[in-house]
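Below: one structure in C-alpha cells.
Each chain gets a letter, A, B and C, in the order it is written, and its residues are counted from 1.
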Amino acid sequence: MSLHTMAPDGHTADHADAPVFAGARRAELDELLTRYPTKMAALLPALWMVQEERGWVSPEGMEEVARVLDLTPAYVKGVVTFYTMYHQHPVGQHFVQVCTTTPCNVCGAEDVVTAFLRETTCGELGVTSADGRYTVVEVECLGACGFATPVMINEALVECVSVDSVKDLLAGLD
Amino acid sequence: MTAPAAPANPGMVTLTIEGREVIVPPGTSLLEAAKTAGVLVPHYCYHPSLPVAGVCRMCLVEVEKFPKLAPACATSAGEGQVVHVHSEKAREARKGVLEFLLINHPLDCPICDQSGECELQDYTFAEGRKDSRYMEPKRFNPMEDFGGDVLYVPNRCILCTRCVRFMDVVAKDPVLNVSERGDRAYIGKFEGRDLTHAWASNVVDLCPVGALLSKDFLNKARAWELDRAASICPSCSQGCNVTLETRDNVVVRIRPRPNAAVNQHFACDVGRLNYRWINRRDRLEFPQVRDSGTGLAVASWSAAIAATTQLMRGAARITVLASPGLSNEALFLLNRIAAHTNASMVMTIARGPGAPLPGVKDLALRAERAPNHTGAELLGFHEVATPVASLAPGDLLLVVDAAAAMTDVPEGVRVIVIGTALDDVLRNAAAVALPVCTFAEEDGTFTNLRGRVQRFLQAKAPPAQVRPSYRVLGELASALGAGSFPVLASDVFAELAATVPAFNGMTYRSLGLQGDMVTTPMEITA
Amino acid sequence: MGYPHPSHPRETPVISKHFGDAEARTLAGWQAHGGYDVLRQALATDPVEIQNVVKESGLRGRGGAGFPTGVKWSFMKPDGKTHYLVINADESEPGTFKDREIMRWTPHQLVEGTAIAAHAIYAETAYIYIRGEYTEPIARVREAVREAYAAGILGANAMGSGKRVDVHVHKGAGAYICGEETALMNSLEGRRGNPRIKPPFPAVAGLFAQPTTINNVETVCAVPHVLRHGAEWYKSLSSPSNPKSTGTKLFSVCGNVAKPGNYEVGMGFPMKDFLWDLCGGPPAGREFKAIIPGGSSVPILTPEECAAAVMDYEGIQSAGSLLGSGGVICFDDTQDMVRQIARLARFYAHESCAQCTQCREGTAWTVKILERIRDGEGTMKDLDTLLEIADNMTGKTICVLSDSCATPVVSGLKKFRHEFEAKIPKNRSMAMIPDLAPATA
C-alpha cells in the first residue's frame, strides 16, 4: 500500500480532484456490490479503497462514496468517525501505531512509545514530524499480545518491538 | 415444564403494572402499556412517532422473574407479568442514569431556553441526586449553527438520537449523524449540508433538553411565562394541530400539538415561523366610516353597521370576496348574508411549493396556503383568479379579510372592508372599515383539505374595539334582515351544523381538540 | 502449540497443530493434511445430522460466551428464507490473540470450518469479518478463499455437491465493539458498530434482517475435527470430571510471563500446571501478582486462586472469574495495579459506542477518577464512588461493554484495595486539589 508523500502542511501531492471510483477501482467496487444485498454494506470496503488511494478519507472522499452508494455525506461521516482506522486528516508517510493496552503495557509498551517519539522527532503523539515522514500514535489492543510490544506501521505489523529495537526498525523503513 | 396458562383475555395481553391491571394488544411495549394505566415511565430516547432506539436506559423497569431490569420501550408486554416502575431497583437505576447525564451537562439552566420545559430538569427534580460528586473537568464542544432555524449546543446533548432518527426515518433526509464514539460523541452534520429541510425544526421540539434550540425563539421568553392555547396552523390547508404560545399577549412561538389523524407530533417550518403577522401593530382598531369630505373617520359600531347595511341595500350587485383563512363560522354567516342579498361568493387562494413529510401518511405543507379553503368551498365560495375582473361600476365589493387579493379597485365600485388591517389600496377605497379578530383572537373552526373540522381556541386578546368575525358578521346579517344570529362561536357553529349537511351532527363538544370528519366524503386530490 | 514456542508435551494440539508450518497455509498443504475431506462428506450430509454431532460433542462458543454451538445451529430451520453465517474474526479482547494465529497459519482450516457451518445452518453465504488491523490474517484468508474458489471447493457447486457455498472476507476498520455479534452485523451492513437490542435475536432477524448465526473463528475450526473423529473423540480430549466443558481450548498467554504464546490444552487442565509448567511461570526473578484468565472483561484472580482452579467454563467460574475468550493476562509483582486498571478502563472508554448513557459517561468518568488516584490526587471517597459507578454500569445496558469496564474496577478494589489506598494522600480533602475547579469567567 502506498501513501502520498505528505508535505508537513498536509496538502496532498497530486490528482486529489479526480474520482477514486474510476477504472479499476470502479470495477472493484462493482464486483464488491455483488457480494451484498445492499449498497450500504459496501461502505466500509469503499472507504478503505478511498484511504488506499488518497492516504486518508477527506470530505471530498466521503462525498464521492456517498454518491456511488446512494447515501448522504452526513451518514458516511457518521460511519467514518466511528472507526479509528480511517484517517480524517493526512498522516505521515509512516503511520506508527503502538499498542499500549494492559497486556502490552505491563511489558513496557509506554517506553516503546517514548522511544518512537524521540527517534522520529515527532515529540508528541498524533503530530506529524516536520519532514512529513512519521506520525506516532497509541492504539488499543492489536491482538498480538503474546508478541509484546506489537507495532503497526501503516498496514504492516511488527512483533516484539523493544526500546532497543526502535532505532533499527525506523532505519529499515524507506 | 407445564405449558403456559391460557391468556386471561383471549387475543389480548393482561399484566400488572404498578399494581394496576392492564390489558393491551400483543406487541405493545411496557412503556405504552403503562400509559394506559396512567403510569408514566420516565424516558428520553423513546418517542411514539420514532423507531425505538433503547439507548437512554432511563426507562428500565423491574419485571418480576426477569434476571435484569428491562427497557420498557423495547420490551413487549407479556401475559401475567408483574411490572414495577417505582421499585427501589428501578428508581436507583434511573437515579444512576440522571447522574451520568449530569456529569458533563453544564449548569446552564439560568441561560438555557429549555428551562421550565426540560425533561432533564423535571426528572432530576423528581428523582435525581441532590448533589453532584463529579469532580473532574467537564467535556466542552462549541455551539454549532445547523442551518435553518436550528442551533446545536453539544454540551447539553444527552445523545438520545431523536433528532437523528427523525431526520432519517420521518423526514427521509439523513443530514444528521452521531459522530465519534464514547464520551466524545456528538450530533454532527456534513460541512455545507445544512438542516434546511422543510420539517427540520421538529428536532427542536423532539430534543428533551436544550441541546437543539430554535434560533427564532432564542432568549425570547421563559417557558413559565407563556400562556398556551390549542389552535390550528393557518399557513396551509393541512390543518396541523398547534399550540399558540403567548407572552404578555404577544405570540412568541407556535408548536405542534399531537393529532394522530393529521400531523402526529409535527409541524413544518413555514407554519412554525409564520406568526409575526399576528402581532402586527398597524391593525384596524376601530370601526371607520368614510365621510364624503374628510375621508375615513372613527365611528361607533352601530353607526358603522348601519352605514354598511345602507350601502349594501343600495347596491345593484354585491360580490363577497372572502379569505380562505376565515373560520367556518364567519364563512357561514357570509353565506347567509350572500344568500339574502343575492351576492356572488368568491375567494382567491395563495399558493406555494408543497413539502411532504415522507415518513408520515398524508402529511405535507400544502400548496394551498390557507387553512380553510375546503370550509369555504363547502360553504358556497368558489375560487377565482382575479376578483375584480368581473366588477362593474355600481357594484359593491365586500372584502372580508382578503386585502392581499386586492391590487386595485375599479372605478365606481364601492368597497366595504371587514378585516384586520387596512393597506394602501383599501384605505383609499373603503367606504366602511370594520375591524375583526385574527384567528388567534377568537374561537372558531377550520376544515382541512381532507374535510376534518377542527377547533381553534382564542390565544390572545384583540386590541381596542376589535370584535370576533362571527360577531360582526352576525350583527351585519341580522341588520340586513337575513335572520337572527347568536353571539357565541359555539352557537354559531351549532347553527352551521344544523344548516349545512356536511357538518350535520357536529358540536364543539363532539369536535373536542382532535376534530372530526365532515359527513360528505371528500375526494382525495394530490 | 504454545506458538511461538515448541509444542509442550502436555498440550493437545488439534486446531493449533500446524502453527508455524508455512506449508499448511496453502490449499495443497492443507489437503495433504486431509483438508476438505470432511467438507466433502458434510455437504452430502443432512444439516440436522451435523448439528446433532456437534451438539453431542459439547462444543461451546469459543469467542467468550460459551454457548453450545450445536444448539445455536439448531435455531436455524429449513424455512426457505435466506440464511447467513457470519464468522466473528474481530478478535479484540485484550489478551486474546488465538484467532490471529489460526488465520495466519491455517486459513484453510477456517475456510473449511466456515463452509461446513454454512451448510449446517442452511446458509449459502458466509461473511468472515476480520478486524481491520489484522493485515496478514486478512491476506492469508483472502488467498485461501481465492484458492478454494479456483479449485471449485467454494462457489455455486461446492465440491460438486450441487450446493452453493459463498464465502466473503469483510475487513473491519478499528472498533472493539464490533466483536459483539449484533454490532458486528451492523458494521457489516455498513453502519456504525452499535450493538442492537435483543429481541429480535440473530437467528430470527440478524444480518440484513435475515436469520443469521454468528460463530467465533476457533469454534468453527473445531468443527472439521469433531466431524472427522466424532463427538466421543472430542469429549475424550478434555478432563472427564466435567462433561459440560469438552474438547480443547486455545489459551492466549501474555503479559509478565516467561513463555507468552498460544497454548492448546484439553478443557479441565489444571491452571497451576498451565501457568507454572507450560507457560514457564513468571519472568525470572519475579512472582505473579495477578492473573486475568479470560480476556480483560473477566474478574482478576490472585495467583493462589489460579493455582486451585481448573481451566474450563465451570472451573474458572467457581474460582471467581470466567473463561471468556481464554486470554490469560499475567501481572508480576513489579506492576502497579492501579495504573493497569486505569489503563484497562481507558480501553473501554475509548471503545464505547456511545449509545447507552451508563457506558458512554460511566467509562470516561471511571477513567478520570482512576487516573487521578494513579497520579496521587485521589480521595478515599473516590473509592466508594468508583464502586457505585460500577454498580450503576452493570446489568443496565444494551451490551456488556459497560459491565466489562466495571469488572476490573470491582475485582481490583476487592483484591488490591491496599494499592489504591496507598496512593491516596492522608488528610486530603477535595478543596486541596488544584486545577479541578472550572475556570471562572
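The rule is simple: contacts are C-beta pairs under 8 Å (C-beta built on N, C-alpha and C of every residue); 3 or more make two chains touch, one makes a residue touch a chain.
As the structure is a prediction and not an experimental result, all values here were calculated from the model.
Participant: Draw the chains as points, connect those that touch, then say whether the picture is a line, ring, star, complete or other.
Facilitator: Graph shape, chains as nodes and touching pairs as edges: complete.
Participant: I need the chain pair with the most C-beta contacts, please.
Facilitator: A-C
Participant: Roughly how many whole angstrom separate the Cα centroids of subunit A and subunit C?
Facilitator: The computed centroid separation for subunit A versus subunit C comes out at 25 Å.
Participant: How many angstrom lie between the CA centroids of subunit B and subunit C, rounded to a whole number?
Facilitator: 54
Participant: I need the residues of subunit A touching at least two other chains; which ones are they?
Facilitator: Those would be 78, 82.
Participant: Among the residues of subunit C, pick out those that touch two or more other chains and give their numbers.
Facilitator: Residue numbers touching two or more other chains: 175, 192, 350-351, 353.
Participant: Any chance you could list the residues of subunit B touching two or more other chains?
Facilitator: 178, 180-181
Participant: Along subunit B, where are the residues that touch subunit C in the complex?
Facilitator: Checking each residue of subunit B against subunit C gives 52-58, 60, 68-69, 71, 74, 92-93, 96-97, 99-101, 103-104, 133-139, 158-159, 178, 180-185.
Participant: Applying the document's contact rule, which stretches of subunit B touch subunit A when the two form their complex?
Facilitator: Going through subunit B, the ones touching subunit A are 173-181, 188-191, 193.
Participant: If you look only at subunit A, which of its residues touch subunit C in the complex?
Facilitator: Going through subunit A, the ones touching subunit C are 35-45, 47-48, 69, 78-79, 82-86, 100-107, 139-148, 152, 155-157.
Participant: So in the complex, the part of subunit A that touches subunit B is made up of which residues?
Facilitator: Residues 59, 62-63, 71-78, 81-82.
Participant: Would you pull the subunit C residues touching subunit A in the complex into a rising list?
Facilitator: Per the stated touch rule, the residues are 4, 91-97, 99-100, 131-136, 166, 168, 170-176, 187-193, 208, 252-256, 260-262, 296, 327, 329-332, 335, 339-340, 343-344, 347, 350-351, 353.
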